[in-house]
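Once you scroll down, you'll see the structures, which are given as C-alpha cells.
The following pair of complexes shares a single chain, subunit A, combined with subunit B in the former and subunit C in the latter.
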Partner chain A sequence: MKKTIRGSLTWLHTWCGLLLGWLLYAIFVTGTASYYKHEITQWAHPELRFTAASRIDALEQGYREVLRAEPDAASIYIVLPDDRSPGLFLGWETPEGAYLTRTVDACTAKVQARDSRAGEFFYRFHFELQLPYPWGRWIACFAAVFMLVALITGIVAHRRFFKDFFTFRPGKPGGRSWLDFHNLAGVIALPFYLMISYTALILFLDMFMPWARLAVEPPAVQTAQMEAGGRTGDSAVSTAPAKPERAEWRPMAEQAEKAWGPGRLRSVYAAGLAAPGGTVSFSPANDDGISVGARAGMTFDAATGVLIPGEAPARGIVTRLHDVLYGLHMIHFAGAFLRSIFFFLGLLGTALVATGLVLWTVKRRPRQEALHGPGRLGFGHALVERLNIAVIAGFPASLATFFWANRLLPLGLENRGDREVTIVFIAWGIAAIHPWVRSIPRAWKEQLWTGGALLCLLPLVDAVTGPYLGRALLEGNRTYLGFLVVVFGLGLMLGYAAHRMGRARRGGKPVTVETA
Partner chain B sequence: MTPSPSSRVGAGRRIPWRYRLSVASRVVAALAGGYLLTSLTAALLALALPLPREEAVRTAALVSFLIYPAAVLWVFIASSARRAWLGLLVPALVMSLAVWWLRRGLG
Partner chain C sequence: MSLLIFALTGLAVALLALGMERHYKAVFHKAKPGAARRVFKVSGWLLLAASFVIASLDASGVGWVAWIALLAFHGFVVTLAIAYLPRLTR
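And now, the complex of A and B:
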C-alpha cells in the first residue's frame, strides 16, 4: 500500500483496526462477561438455589418432569447442577420437532426460573452476534482472523512499544496518553490476545475450515455428507413410529458415577427416542484439566439400559494439542483466581480496542480542524466519532438495560426472555441516534454517565424488586453479592471515564460538523 | 512520533479513483483470495501429511489458520493490487492441481 513494508503494515493496522474495532469491541465485552456466564445466570435466575440433593436424584426428577411435559419427547438433554450453577437445565424435542427448554431447581424440578437468557445471552452474543445461524459465527471467525492481522500489524505500527511500555503520560495533549494506554494494554496482554484470537478459530474449525476434512474423504462419502447438510450422526426418521421401550435412567447414571467418581456426572443426552435404536449418553464434567477432549462419555441403549461399548479413539499429539487450545479459550478448568485473571485480561482487551478507536479520531482531529476550520469536522470523520460513541459508551449502557429488564419485566410476560434482548437492542438503537442530535463531547459524556448510572443503580433496583438481595446478604451469598460488586465497579469505571471526558474537553471550542 | 502514513491521501483532498479501486481490489483479495488460499492449504496438507487421518486433518487446519493472516499481510504489502492477486492465485492454482492429483487415489 505504501512505499515501505512498515508503512503498509501501519496503514493496514489503522484501517483494519478501525473497521474491525466496533465489532471486536462488542465481542470483547460479551466474551469477557462470558467468563462469568454462570455467575450472571445465578443472579438472573434468583429463584434457583443450591440444594444438597444428590445428583442422581436431581437427574431422576428432571427426567420425570420432561416426560410429564412431553411424554413422547424425541430427544432429551439434561444438564446437572454444579458448584457454579444451581439450576437443572432441561431441554427436549417434541414429536413435531420443536425444541423446548426450561431451567428448574434441582430439588423438586418444579420451581421454574424466570424466563431470562441470563448468562447465555452474553455467551451467545460473543460468537453469534444475535444474528441468524450461521451468519454470526462466520462473521466472528473472520473477526478472529483480522484480529490476528491487527495484532501482527500492531506490533509493527507501535514498534517502539517495548520502550513505550514504561511510558505513560496522562493528560498529555495530542493523543499521547491515548497512545500510551493503547500500547500498554497491547503489550501487557499480547500473548493473551494472540491466544484468544487463534483459539477462537479452533472452536469453529469444522465450520470455518471444513476443507481439510472434506479433502481426505473419498468422493462418495463427501457427496453424502454434503446432502446431509454436513450433519452426521442424525438418526434416520422411522416410518413405523412404534413406541419403543424405555429403560430406567437411574441404573445407567449410577454406573456412570461409579466409573467417574461422585459428582463427575454432568449431562445426559438421549437421542432417537421416538424410534427403536435410541441411545442415552452420559458425559462427565470437563473442568479437571485444560483439554476438552479425552473425557469419553458412556452411551447406553435407551430400550434395554445396556452399556454400548465404545472404543476410545486413538488420540494423536495434534488432536491433543487441538483439545488443549480449544480448552484454553473456554477455560472451563479455571478456578476463581485464574478466572478473575482472564476477566481482567478481557477488560484490558476491551480497553485496547476502545483506545485504538479513539486514537484514530484524536490523531486526525487537528488535520480536520486545519481543513474545515476550528471545531469543524468532515462528514466521514464525524461519522467515525459518532459510531465510536454508540459502540464504546452505548454498548455497555445497552447491556446494562438487560439486567434492569431482568428485574423489572413482569414475571408472567409472554416471551419474557426474548423481550429482555429486544430491550437491549432498543437501547442500543437510541445510543446510535443520540450522537446525531447532541454534540460529540456531550454525547460521550451523557452516554458514559448513563451507562455508569445504570450499572451503579442495579443493586438498588434489585433491592426494590424482590427479596433476593436481602436474602443474599443474610446468607452471605458471595457469588450473588460478588456479581453486584463487579457490576457496581464497572459502573464506577464508566463514570470515571465520563468525568475525564468532561475535563479533557473543557476549554475546547464547541464542535460542529461540516457536512460537505 | 512519525506522521501518520495515511496523511498523503488525507481527508478533504481528492482521492484518485485508481487508488480507491486498488484498495477495494485488495480488500476483496484479502477476504476471498485469502480464504481460498487458506482452504487450499488446509486441503493439501490434510492430503499430503504422512499422519493418521484425524491428525492430518487437525494439523492442516491449525496451520491454515496461520496462513490466512499471512495472506492478508501479503495483499497489503504487495506493491500493486495486481501483484497482490497474482501472489495469491498462482500458489492457489498450483495447490489446486496438487489437491486434484492427490485426490485421484482416494477412489
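And now, the complex of A and C:
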C-alpha cells in the first residue's frame, strides 16, 4: 500500500481497473448495443415487416396461431410489435411443460423469422456473459461493484478534476494524450457512469442482498413455489381436469386499450389455462415516464373474460424508488433522440475502459524497456498487451461476425441461432490466439482493420444475400437503414483507430518479447 | 422542446469552456484573458440555469435525464473542438 490516501486509491484504481477492465469492456460494448436491441432484432429478422395492422388484430392472429400450434397450451405469452421492431413474439407452454417460442409477422402470424437470437444475444450477454445461470449474473454483479469502486477511486486519483475540464491535448508523448482522453471520457459523463453502475447494482439487488426478501418471505414458501414451477395454488396440479372454457381475447384487449389509450398495449400473459381459474393479464408499455412500474396491468378471468378487479398493489416509497432506478438503467422512456445520446454515452464509457487498459501498458512500457532492453517486454506486461488486443480490438470484430452469420448461415440449419453465437466465440478465440503469433503493433492493426472491414462490408453482405436491403431502400425503412448506417459508422471508427495505430508506431522498432 | 434543451445546453457548455482562462487563451490566441471571458462565464452559467428550468417543465422527470445526458454529450464535443480548432485557425 501507498503512504497517502490518494496514493492508495490510485493504486486500487489501477489494479481494479486492469483486472476488471476486460470484463467491463465486454459489458459496456454489449450494453451499448442493447440500447438498440429492438433495432438489431428487426434487422436480424428481416422476414418480418412493419405493417399497419392494428395491435388488437395482431394479438388476435398471434393467439390463434398459438392455439393452432398447441390447442392445449397451459400458458401463453405474447409481446406485440412496436415502432422499433415489427415482430410479434409468441411463447407458450405445452401440457408436457416445455416452453416454445416463435417470432412471427404481425399481419398474418404465419411468416416466421429466421432462427436468430438477434438483439437478445447482446442484451443477455450484457448481464449473463453467455455463461450458465447464475454464474454469468454473479460475475456481472461483481463487475458492477468494481466499476463503482473504479469510478470513485478514479475521481480521487484525478489530480486536477476541475482545472483540466474540457482539456484534451492530442499528440503529446508519454501517454499524456491517453491520460487526457481517459480523464475527459471519465469526467464529462461521470453522472452517467455513476447512474449506470449504481442502477446495475439495484437490478442485481436480490442476488447479493437476498436477506430482506428472505425475512419477509420464509424460505419454505419459496422452495414450494420453485418446485411448482413458480405457480401457486391448486391450478398447478395436472390431473387432467375438464378443459375449461376460453373467452375471446378481443373484448378484453379492447377494454385494456380503452383504459390506456391506443397503442399502449404491450404484452399479454395468460396463465393456468389447463385448469379452471386461469387468467389473462394485459400489460401496458411503461415508456412514458422513467419508472418501469408506473402503470399497473389488467387481469381478466380466462373463462369468462370478466375483469378481475385487482386491488392496486401497495407501492411504497422503496418500490417506487426501485422502479425509477430500474427504469433509468433500461431507458424504455427514451425516444429516438435521447436514445442516440445514451448510445453515444455508452460508446464513451467503452472508450473510457479501453483507454484505461491501454494507459496501463503505455505508462509501464518505458520501465519494461529499461529493464529488458529496447523493444523487449517482460512476460506479464506482454500478456496484458495481448489481452488488450484480444478484447479491445478482438471483441468488436467477433461481434461483427454475428451479423455476418445471421445473413450467411443457411436458413434451414439446425440450431441456427445457437450456431451464430458459436461463430462469435470461435472468432473471439482466434482473436485471442492471433496476438501470440504476430507482433503486438501488427496484431493491433490487423484486428482493428478486420473489425472495421467486417462492419463496413455488412451492407454489401446484406445486399447480396437477400432482397431485404433493396426492399428497405424502396420502402424507406429508416429503422433498417439506420442500423446499417450506425454499423458502418462504427466500422469507420475501428478503421480510423487502425490507421492511427499504424501512424503512431511507424518507424518504431518492432516489439519482441522476452519470456522471462 | 428537446431541441431547445439541446441548443441551450450546447451553448451553455461552450460558453463555460470559453470562460475558462486556459481555453479562452487557446481558442482566441491571446496571451491575456480579456473582459469577454467573464461575459462568457456568466452567460454560460445563466444559460445552464435556464436550460435546467426548461428541462424541469417535463413533469415525468425525463427532462432532467436528458439535461444531464446532453451536458455530457456537449462537453465531449466542445472539448474536441477546443483541442482541434486552434490548430485550424492559427
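One rule holds in what follows: the second predicted complex is superposed on the first by the 487 of 516 C-alpha atoms of A that agree within 3 Å, B and C clash if a C-alpha of one lies under 4 Å from a C-alpha of the other, contacts with A are read in each partner's own complex, and residues count from 1 in each chain.
Keep in mind that, in the parts below, a residue touches a chain if its C-beta (ideal position, glycine included) is under 8 Å from a C-beta of that chain, and two chains touch if they have at least 3 such contacts.
Computed from a prediction, not measured in an experiment: that's the story for all the values here.
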item: Combined model on subunit A where subunit B meets subunit C, clash or fit; value: fit
item: Subunit C, subunit A and subunit B - angle at the middle CA centre, rounded to the nearest 10 degrees; value: 80
item: Subunit B versus subunit C as contact partner of A:419, first or second or both or neither; value: neither
item: Contacts of A:10 with subunit B and subunit C, given as first, second, both or neither; value: first
item: Greater residue coverage of subunit A in the superposed arrangement, subunit B or subunit C; value: B
item: Which superposed partner A:124 touches (first subunit B, second subunit C, both, neither); value: neither
item: Contacts of A:345 with subunit B and subunit C, given as first, second, both or neither; value: second
item: Touched partner set for A:84, first subunit B, second subunit C, both or neither; value: neither
item: Minimum Cα separation, subunit C to subunit B, after superposition on A (Å); value: 19
item: Residues of subunit C touching subunit A in the complex; value: 2, 6, 17, 20, 22-23, 60-62, 65-66, 68-70, 72-73, 75-76, 78-80, 82-84
item: Parts of subunit A lying in touch with subunit C, wherever the complex brings them together; value: 163, 165-170, 184-185, 188-189, 191-192, 288-290, 324, 328, 333-335, 337-338, 341-342, 344-345, 348
item: Residues of subunit A touching subunit B in the complex; value: 1-2, 5, 7-12, 14-15, 142, 145-146, 148-149, 152-153, 179, 198, 201-202, 205, 209, 211-219, 313-314, 316-319, 321-322, 325, 363-364, 367-368, 371-372, 378, 380-381, 516
item: Partner subunit A, residues of subunit B touching it in the complex; value: 1, 4-7, 10-12, 23, 26, 31, 34, 38-40, 42-47, 51-62, 64-65, 68-69, 72-73, 76-77, 99, 103, 106-107
